[in-house]
Structures are given as C-alpha cells and as structure tokens.
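The following pair of complexes shares a single chain, subunit A, combined with subunit B in the former and subunit C in the latter.
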Partner chain A sequence: MTRTSVLATSALARPRRSRLAICALEAWYEFVKTLRLPAYTIPTLSFPAMFYVIFGLGLGVSRPVGETDAATYFVATYGTFGVMGAALFGFGVGVAIERGQGWLLLKRATPMPVTAYFFAKVVMTLLFGTAIVLMLSMLGVVAGGVRLSLGSWLALGSATVFGAMPSCALGLAIGYLAGPNSAVPLVNLIYLPVAFASGLWLPIQFLPTWLQEAAVILPPYHHSQLALAAIGADRGGPIWGHVLVLVGSTGVFLGAAYLAYLRDEGKTYG
Partner chain B sequence: MTETLPSTLSTAAPPVACLRQTTRRYGDVVALDRVDLALAAGQLTALLGPNGAGKTTAVRLLLGLLRPTSGKAELFGRSPQERAARERVGVMLQISGVPPTLTVREHVHLFSAYYPSPLTLHETLERAGLSEVAHRRFGDLSGGQQQRLMFALAICGNPDALFLDEPTAGLDVEGRRAFWIEIRRLIAHGRSILLTTHYLEEADALADRIVVLHQGRIVADGTPATIKQRTAGRRIRCVTSLPPARLEQLPGVRAIQPDRDGFVLLTTTAETTARALLQLDPTISDLEITTARLEDAFLSLTSVSETASASQDVHA
Partner chain C sequence: MNYRYIALTGVIGAALWIAGALAERGAFRDETATETSAASAVAPNVTAFVGVRVFDGARAIPGANVIVADGRIAAMGPDAEVPKGARRVDGAGRTLLPGLIDAHTHVFGDALERALQFGVTTELDMFTDHRFATAMRREQEAGDVPTRADLRSAGTLVTAPGGHGTEYGVSIPTITSPEQAQAFVDARLAEGSDYIKIVYDDGSVYGLQWPTIDRETLAAVVEAAHARDRLALVHMGSQRAARDAIEAGADGLVHVFADSAPEPELVELIAKRRAFVIPTLSVNQSVTGVASGATLPEDAHVAPYLTATEIENLKRAFPTHRGSKARAAHAFDAVRRLNAAGVAILAGTDAPNPGTAHGASVHRELELLVEAGLTPIQALAAATAVPARIFALADRGRIAPGLRADLLLVDSDPTSNIAATRAIVGIWKGGVEVTRQKPSRATTDGGRRRVDARGRVSDFDDGTTRARFGLGWSASTDQMMGGTSTAEMKVVRGGARGTAHALEVIGTVRDGAQFPWAGAIFFPGGRPMEGVNLSAFTELRFWARGDGGTYLVMVFAERFGMVPVEVPFEAGVDWREHVIPFSTFQGLDGRGVRGILFSARPGPDRFAFQIDDVQFR
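So, the complex of A and B:
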C-alpha cells in the first residue's frame, strides 16, 4: 500500500513495546483508575478492618479460639474475607461494567494482548489484598497484642493474598454473566452467605455441625484454612488438599467464565 | 431491480479487509446474510443502512470481535483475531462508557502503547483537538470532547486503516465539519477508512464508495453518484388525500414515504406521475418536484428490496 508518513514523522523509529511492558502499563493505569474511585476503595479497604476491630478486638482479644486467641485468629479469617471481597468486586463488578459499556469490546479491537487486561485486574486484587492484610496485621499487633514469627507472618500473608485466585476467577465469570447494574447485588448474594458458611465471620467451629461439614465444598473455606494453617489454628488436614481445591476451583470458574464469554459473544446484537 | 454492483473493485492493491459469503446469526435472527464485501486500500467506504441492517455486525466481524456463523472475515489478508492484523487498524465503536477517572492524556498514552509505531501524544491530541483538555478526566469532558477522545484512541496507533462505527453520532454541526476535515486528511495520506453512518449527507460528502445494507444484505454498492443515478431521479412532495396504496400504483412511482402532513414520492417520470396525481386528486396542494437526494436514493433502494422480498415470500 502506498503510504506517506506525514502523520507520523516523529514516531516511526521507536522500538516496539514488549508484552510485559504493556502489561505493566495496563496495571499502572488500572491502579490509577481505581485509586481515584474513593467510593470503591474506601469500603473495600475499611470493611475488613471494621469487622476485625468489632469481632477480633472488641469481644476480647485474648479469648481462645481453636489453638490461638481471637486477635490472631481473626487476622486470618477477616483477612480472607477482605481479600475475597476485593477479588469478587474487582473482577465481577469491574468486568461487568466495562463489558456492559462496550469499553472491553473496544480494547479487544486493539492489539492489546487480552492477557494484559486480566493481568492488570489480578495485580489490583493482589495490591488490595496486601493492603488489607497489612492493615489487619498492624491493628492486631498494636491493639490486639498479636505476636508471630517472621515466617508465620509471611506464610499468613501469602496464603491470605494468593488464596483469592478462585474468587478472581469466579468474579470474572460473574463479570461476563451479569449486567453493569446487576453485578453488585449478584456479587453480594454470593459473597456474604459463602463467607459466612466458610467460617470467615464466625470461627467455623461455632457454626452448626452440618454447616461445618458442608463448608468443605466452598473454596473460601479452604482459602481461610490455608491462612489459619500459617498460625497453627486450622482444623487439620493436609495443606496440599486446600491448595488442590483452590487450584481446581480456579480452573472450574475460569471454564465457567469462558462459557459465559462465548454466550455473551453470541448475544451481542447490533 | 435489486441487482447489485460487483463489490470487488479491480484495484492493484490487495483488499484491506473482506467478508466472503459471510453469514452471522444471533439465535434465529440473521444479522448478515452471505455478504461479500472487499474494502479497497486508500478509499473511504461508507456503510449505510437503517437500524438493524447489519452495519455494526459487519464492522465487528471485520475486526474479529464476532465470529462468522459461516463464511470468512479477513483483515490485511489475515484472521482479524491476529495481533499483527490489529496493529494496522484503529477503531471507533459505539460504546456507552469509558473509565471516567483517567485523563485524556492517560487514555491516549495507554492506547498508544498497544501499537508498534504510534503517533506522539502531542500529535494525537493535536489532531483530535484535545490539547486544551489533555489533563481533564474523561468524566469531566463535554459530549463532543468525549467523542473526540474516541477518535484520538482510533488514530493514536498511526494505523493504515480506520474502522469508524457512527463516528459523528452526537456531534454538533461544527464538530462534524471539523471531523470531516480530519477524515479527508487521513484519506489524503493514503489511509483506508470504513465508516458507518446515519447521516447520508456525511457519506455523500466523504465516501469514494457507498455500500447500502438492508436486512443483512447488500442492496446497492457504488460511488455516491451511481447510487443517486439508480434512484427514480425525481422527488415529488405533495399534500394529498389519496391513500398510500393508491399513490404507490401511480405511473412511474418507485417508492413513497410519509413526510410531515404529506407524502414524498420517488418517481422515474415526474411528468406522468404529476399528471396522474392532479387528475385523481383535485384538492392536491403544496406540489413540489425536485431532483432526488441521497436520502431518497437510500429510501428507494431499501423499500424496493422490501417489496421484492415480500413478493418472494408470497411465491414461496
């Protein structure tokens, strides 16, 4: 094709950006974009801290729960609760809105690697998760007298943050199933009962026996057990069992998200 | 009556994008029905048609955003899903929302990074007329400025081809004229453009070629001049008490359309039609005979095909 470069005199000899560079830039702008939405960031960060203060600290920091005390125990469970929420809302509501408005469609028409879009959302979830865990840990140390070894802190932090992968994948599926307006109620409808049944609000051993037994089918239960194992307060059972459920359910939810994506493509009409 | 001009133009350069016997269904609805369309390089092709004609579906198939139910879509000789094909295309789609908290500059910066040899930020903002509001968040822009940002995102990658789906929807007259200047400039620099529009005036003013889609099929394909020639040639407007069914049967009439308190008739032979009108309706008023415009050409083409498909149904 004949083509003059008048439009682009200054832009021709520039090295092509690598996929990694695009991913990094995408994540950066996802961060900036989200940070400027205080109506989203403040509740997402403060709810887990608020619950921790009320239940973990307010009802007696040294009350024994399982093998540990309330202040320590609830860092793991409300941490899991918070990270799970950040994953479900970040993916579920974020994708539902951007898909519903056509923004995702426009981005898909560009050469942007699709992975960059999801990478950015994963990074945001990890950042939010880390912030939530740090906040609860500091509250625990300062106001609850929580004392752990460095190894335990690191294990607790990484289990809490990375255990959210199934919630990211489930959020993605919701993002492709729900409309921009129905995503928030749908996420809440799943988030709150599942969090309760997984033992994230009240310790799992305080729940009715049948619920305790049913909880093993819920990925957030395994998420919290992994975090509790880091402080020696889990209900026993091998670590790899929890990891296997988390990885497996992530795969199942990603499959559901892909089916929802295909269904969405078939429906879009115009 | 509904014969279509060949949609493959004999140019030396390979087509920028093409549909080959492409059908797209949504459930039971056939949005596009065995369409053949090849976009010639360096041209502006306007895709015209009423709502639901299949324009947006055609654009999305060419961009690989939809998969054809049957047939094929190609972009620069490749699958439109390939990154190498998309790196050469800039896109404006009809979308209802853009993340409101990022600034104009940030949006353009991110989109530029997707392309191998983008324009500089400065150039993109200048072209799109956004330099003054570069630091404003999308949510704080006026409707016209928001639309210009969409244009900026389409050109920032310095693409060979642009796909613009209703690019001037919602722009005022001034904004539309400014946009046309940029479009002509891109064509002058050898870019290929596919534009869908509701403004027939826009297609007439910009296009080298107009493709008319109706009910998922191409009903006309040619230069704006050819499209005009293919109509009845004359347009009669009048206020009459005759029923529409009677008007359709008048000699020479090819299409009619209600127009405010009266009717517009498209006719091949204005004189005989007018004579018949005056004989049948002595109370006729506001009689007006003019040359057909592109709008009329469009009406005539689409309503003729409706009649044709209706008669097909009867025979089936």
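So, the complex of A and C:
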C-alpha cells in the first residue's frame, strides 16, 4: 500500500461531517463507562439525595429558611452541591485516572480529535447534573410538598446545571495536575470545605459573619445564589455579579488547566 | 497556543471574578450594615445629603446640603458644611422629604414595618388593641426602633353599644350617657391613649343602620378629653354629624363628609373653629365601590415592594349597600372647599381598609389630595409638618436642625409632580438607612392548586394535618394580634366512624385580646387567607367531639373583609356529624373563601376538641 492510500482511507482525512458523530459516539461511551463505574455513580447521585433527605426533609419541611421553607431551599443548595460534585469528580478524578492508566495517551494516538474527549466529559457532567436536579426535585415534590411554577422550575434547573462551569474547569485543571491516586483526596479537600463555606450544606445565613463575607469570593457560592434566585431565596445580590464570577473563574481555571495540560504534554511527549 | 492568550484569559477571568465578588459583597454589606446597627443600636455615623432639593415641611429649597449625625439633623442649608469622613449621598436631581406621617391608620400585626418600607416613619392609629399599642410604645420609648414606623394611638375608640367599632367580634367598653364621659375618657388615658377618637355615625350615609352615641354624649366626651388636654377626634360621615361634632368643640374630623354637596356654612364653621380634617379620600373612594388603591400594584415604583396580600387588598373596595348616599365627588368637593377656606388638611389612609395598604397608600392619598385641589407642596405638608404640628410631634415632620433624621429621598421633584414620592431612593429612620425588601411572590403556584372535585378537605387518616387542597391546617391564636391564648394541634388515633385518625386541638382562650380566639384553621388557597372559589359546594360538613363545650366555626371570606362570620357547634363526648349550609354564614355563596377556623370561645379552662372528615358538599 502506498502512503497516499493510507492517508486517503484513514480517519485523518475524514470528511467534516463525521466530527460530530465522533463527538456523539465518544459522549455515549463516556456515559456508558461512567454509568458502569459505581465508585463515581453511587456517591455522586446518593450524597446530595442523602443530605437533602436528612437536612431538607428530616429537619421539618416547613421550617423556614428566610422567607422560603426548608424543603424548597435545600433543593437549590443540595442540587448545587450535587452538580458541583459531579463536575469536580467527573473531570478531576476522571482525567487524572485516565492519564495514569495511559488511556489518554492512547486516545491522543488515535485520530479522534481531542475536543471530542472534553465534549464527552461535558455532556456526561450535564447529564449527571440533570439527573441529580431531577432526583432532588422529585424528592422535594413527593416528600417535601415543594410547589413551584414551571418558570421557577426551569430557572432552578438551568441555574443549577449550567452554574457548574467553573467546577468543570477546576476539575480539568486538577485532572492534569494530580496523579491518579492523589486526585480523589485532592478533590475532596477542595470540594467539601468550599461547599460548606459557600452555604451548600447549611444555609449561608447560618454561618459566622466572617465566613459569610468571605464566601463571596467562592464560585460555588455564586452558583448556589443563582439557583436560589430562581426560587426567590437568594440574598439579593445582582444576578450579573454571579454570572461574572462564574464566567471569570471558569476562564481562570481553564487557563490553569491549559498550563497543566502543556506541562503534562511536555512530560509525556517532550 | 500562545502563552499570551492564556495569560489574557487568566487576567480577564480574574478581573470578572473579582468584579462579581465585589458586587455581591456590596449588596451583602448593605444588608449586614443595617442589621448590625439595628441590633446594637450603635450611633450611626455622619451622613451628608449633598446638593439635594429639600422640602423642609413648608417649602422647597433647591441645592441644599443636609447633615445627619447621631440620628438627628445637624445642619441644613445651601452652605451647610459636609464634614470629612461623612457618608455622602448624592442629591443631584433628587428631593429629600421629612419621613411621612399617615394620620389615619389601624395598626396591628406588621403594619408599622410595612409602613416604613414606603417611607412612612410615623403612623397615627385611630383604633387598635390598646395592649398592642402599649407594647409598641414601650419598645419605642426604650430606644429607637429602626425597623418600623413610630406609633401614636387612640387605643380603644369611644362608641355606643353595638355601634361602629364593636362589629369586630369582641367586647370593647362602650358608652351610653354624658355622665360616663369623664370616667370613660380617663380609662382610655390610663390604657395609654394618646388622643381620643369618638364614633358619631349612624351608618345611614352608607345605607346601614348603626346605633350611635347622642349629641350630648359626644359633647361630654369632647369636653372630658379637653379637660385632660387631649385632642378629641370625631369619626362621622355626614355633614349634619360633622356640624354637631364641630359645634361640640371637636378638634378634628378623621374622615370627610360625603353624603351631599358641601355646604359653605359648614366649611366656614370648620375654618372659624380652626378644626382640622383628615379626609381619607382613599376610603371615601373605596366606600363607593371603587378600589382606590388599584393603581398602586400597577406602578413600577411601588409594585415590587408590595406583598401578595397587600395587592389583593388594594384591588378591593367596600361592599356597597342599597341606599348609600356616599359619593366620592362630594368628598373631593369638600376637600377642595375646606382647603380653600384655610382648614388644615392631613393625609390619612385608614389602612388597612379595603383598597388600602399600610405605607403604599399614603402615596395614593397624596395623589388624591392633589386631585382634590391641594398643591403638591400643600399635599406634602399634609403628610409631614401639618400632622406633626397638630399632634404635637415636635421632633419630626420637618427638616430642620435638631429634629429627628426621619427622611425620605426620592428621584426628581414631588413638589411639582406629586407622583414622584413613589420613586424612593432611600429611607432613613432616626438616621439609620432602612433596607427595602421585595417580598418574594414567585415561589409557589399554590394559588392555582385545584380544589378537590368532591370537596374533601381532610380525614387525617394519613396521620398528618395535610389537606387534599390548599395550605392545610395550622394552629391559630390571637397571639398574632397581641393576645395570650394558646392552641396546640395534633393528629390523634381514633377518628369518627371508626377511622384511624382525627385532628385534636387543645388550648386556652384568654379573654383580654381584642378578638380572643384559639383553634385550628384550614386555608383553602395557596397562601394564608387567599380567597378560593368554593361555589361548587353548598355546605360544610365535619365530625366533631370534645369536652362538651360549645365551639365556633368561623368563615373568613373576601366579602366579609377581615371579620369572620361564626356559627356555633357542640362538641360532646361522642362523635357527631355537623352539616352547616353556606347560607348560614350570612348568605355566603362559596366564593372568595379565605379560611375556615374551628375555634374555642373564651373561658377559664383548657379546651379540647377533635374534628374529622372535613368536607364541602
């Protein structure tokens, strides 16, 4: 076979149309793979639900948090908590492990565009995020008597799912920086304290004042405020402020992730 | 990729991140700053309103500085010096007014908090539970209360047995003869009344019939109030009653007569006696079946700060009765002539009557006063300096050095366009800036929740106090109105007809509150007291048993206003079903039902009763 014919038949010369198909296929496999990874699926789905049942429903659904009842309030905060976890673990631990296994190396050697890999992870995070929000919402409606207008439900759902952008980007940076064994503790070390300080476990009003003031620098705080704004239980800060923080911190984390990626590429291929 | 792009992304991202955090911190800081000053009552720092148009209670002064220190106005004028380190508030294009005074209100619940949200820093109450007024007064005197308006109150009003003021379901002391006048007035003053309000109204103006005190008793009460150096204020509706009141020496009228075109001699008499008038045009309009406040929820400056209940009430008018002589046009005409004759006019809303809301309605009343011929400056004075002078509130009502820093900052110029009072930029009470809150109304769609087609409310057999529609059951007592009655509600085993569970209510009703009650209430709507159409049904059915006492079913409905209609029932040892046709409740047609309260009556002992299988049929 001549060199030309190899090029002509290989995916390197693929028509443009199939890039989408590759992305979709990669997303599907990512999804199936994740679904079969109980170490990811079970904690990601059950922790927010468990916390919601304990704090949102267990402490009394009609107990007020500000002007909202606990059952409604905690759908927003534990939804944020869950989606944030799905993003951090999906990206951070996922990328780190796949790097460690040499799986990424293998993928880089295939003609698959590298974007498909990230696209698949983003889609997977969105799917899991949506599942978490749906699960908490159903728990809230069935067991907590939560009633919202359709508009509020949609706003709550989209704020909770799409507010996870910075967490995806941060996860990516961690995934390229951390080793396969250190990724889980590192993510937990960031995830749990930041979630607490952002008011995702206990309502932000219940935290000490200095912590409440410090929380405004944390992207998950703004993520949860966006979700709370959908049910009218936010602290009244401007929406554009939340969006700025989420977009800005995503940019910073993506920049960090890219640096980490270059460093990794240098180690592996340089 | 070039490192330069990464650096650029990082820097722009960080800038956005910090900007967003600062925006949030700013909003959050405002919130906590007010909280801390409210909590610790620390003397607020110096605030300077710079280059602002000032309405000082009598006239407009353009381009002045107002300096506030320690809750008082320290200096005012075009040349007043702005101290270093003062918090500067830009006044360009804005007007600073004295905090507003609503000269006719009925205060209970959160009325004073709501009033302050709209720049009303003082409410003059014209009849409430004197215990509530005393409690408010005590807190007020103990230190500045920066979260609600200050209160002056008439306490219990003076009326005849069965007269206007007694229809709210509770016994208040009444008066029948002139000889009782001094003792009666002294008893009110002992309860803490700041002034005496007298009802002299037989209801005929509105097509109703009320017992009322006679002329001699009216005169005696006025004299008794004057003997103790207190103002005697008269509620009336007709020109004849107004004439009697003024001839008896009354200091002021707390409404304006609207039964016929105003007679020049009466206007002249009021002017000559230097009496004042609080027209309450807002209710003059509502009483003719026109909801005077209906435009407020449509005003973009006002609407975001109204609660759902307030919006509902603003859109309501009084029920009108056959034979009513009340005409809004007569009221407006009377105000026009009184003002032209130099009679002091005071802005009062009579909130929370139909068509009004505490706070918001003052802005509407000001507009109505201007429609009735007052200049915007006169209208503003009617809500600031004039009531302060007449009610001897020497520390407020004007912007002058030494006075309380109760201030309202608005956009543009209400001294030329009265509607500008609604464009509120900031409210200060005693120098402390008030945090305005937008009540959240977007959280539930419970109001659209469907009424159960078969009318079933609750059988309690799932072991909870949930209902098939509406908000379900809650314990309800007069504590929300300053009473001391108690009630506990729980689901217990052993329901009617051998079913699993029933609702048990135990408590004590102590006589003493204005309207003593304790029991369990079912709200059929998605919010407490939201009206729901139950006209598909014609009767209320429920099973009851108890300690053998007589209990009351009280129905709250839109057409009854805030006053429920009650029907008694016996709760004996054995379960018995009670069937009460809606028509028993003053001809209720099932529309606009706000709540069904099962209450005990006042008594020395604890009460206990159970209800089960509540349904509409």
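FYI, the second predicted complex is superposed on the first by the 250 of 270 C-alpha atoms of A that agree within 3 Å, B and C clash if a C-alpha of one lies under 4 Å from a C-alpha of the other, contacts with A are read in each partner's own complex, and residues count from 1 in each chain.
Just so we're on the same page, a contact is a pair of C-beta atoms (placed from the backbone, for glycine too) under 8 Å apart; a residue touches a chain by one contact, two chains touch by 3 or more.
Just so it is clear, the model here is predicted, and its values are computed rather than measured.
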Could you tell me if A:18 is touching subunit B, subunit C, both of them or neither one (first, second, both, neither)? neither
Just subunit B (first), just subunit C (second), both, or neither: which does A:254 touch? second
Which holds for A:243: it touches subunit B only (first), subunit C only (second), both, or neither? second
Between subunit B (first) and subunit C (second), which does A:235 come into contact with in this model arrangement: first, second, both, or neither? second
Have a look at where A:33 lands relative to subunit B and subunit C in the superposition and call it first, second, both or neither. first
Looking at subunit A, which of its residues have contacts with both subunit B and subunit C? none
In the complex, subunit A residues that touch subunit B: 1-4, 6-8, 10-12, 14, 16-17, 21-22, 25-26, 29, 32-33, 36-37, 97-98, 100-103, 105-106, 108-113, 265-270
Please give the residue numbers of subunit C that touch subunit A in the complex, ascending. 1, 6-7, 9-10, 12-25, 27-28, 31-32, 438-446, 449, 466, 526
Which part of subunit B faces subunit A closely enough to touch in the complex? 13, 16, 26-27, 29, 31, 41-42, 56-57, 60, 63-67, 83, 86-87, 89, 91, 93-99, 101-102, 106, 109-111, 113-120, 123, 127, 137, 153, 157-158, 160, 163, 186, 189-192
Applying the document's contact rule, which stretches of subunit A touch subunit C when the two form their complex? 67-68, 72, 145, 147-149, 151-152, 209, 212-213, 216-217, 219, 221-222, 225, 231-233, 235-238, 240-256, 258-259
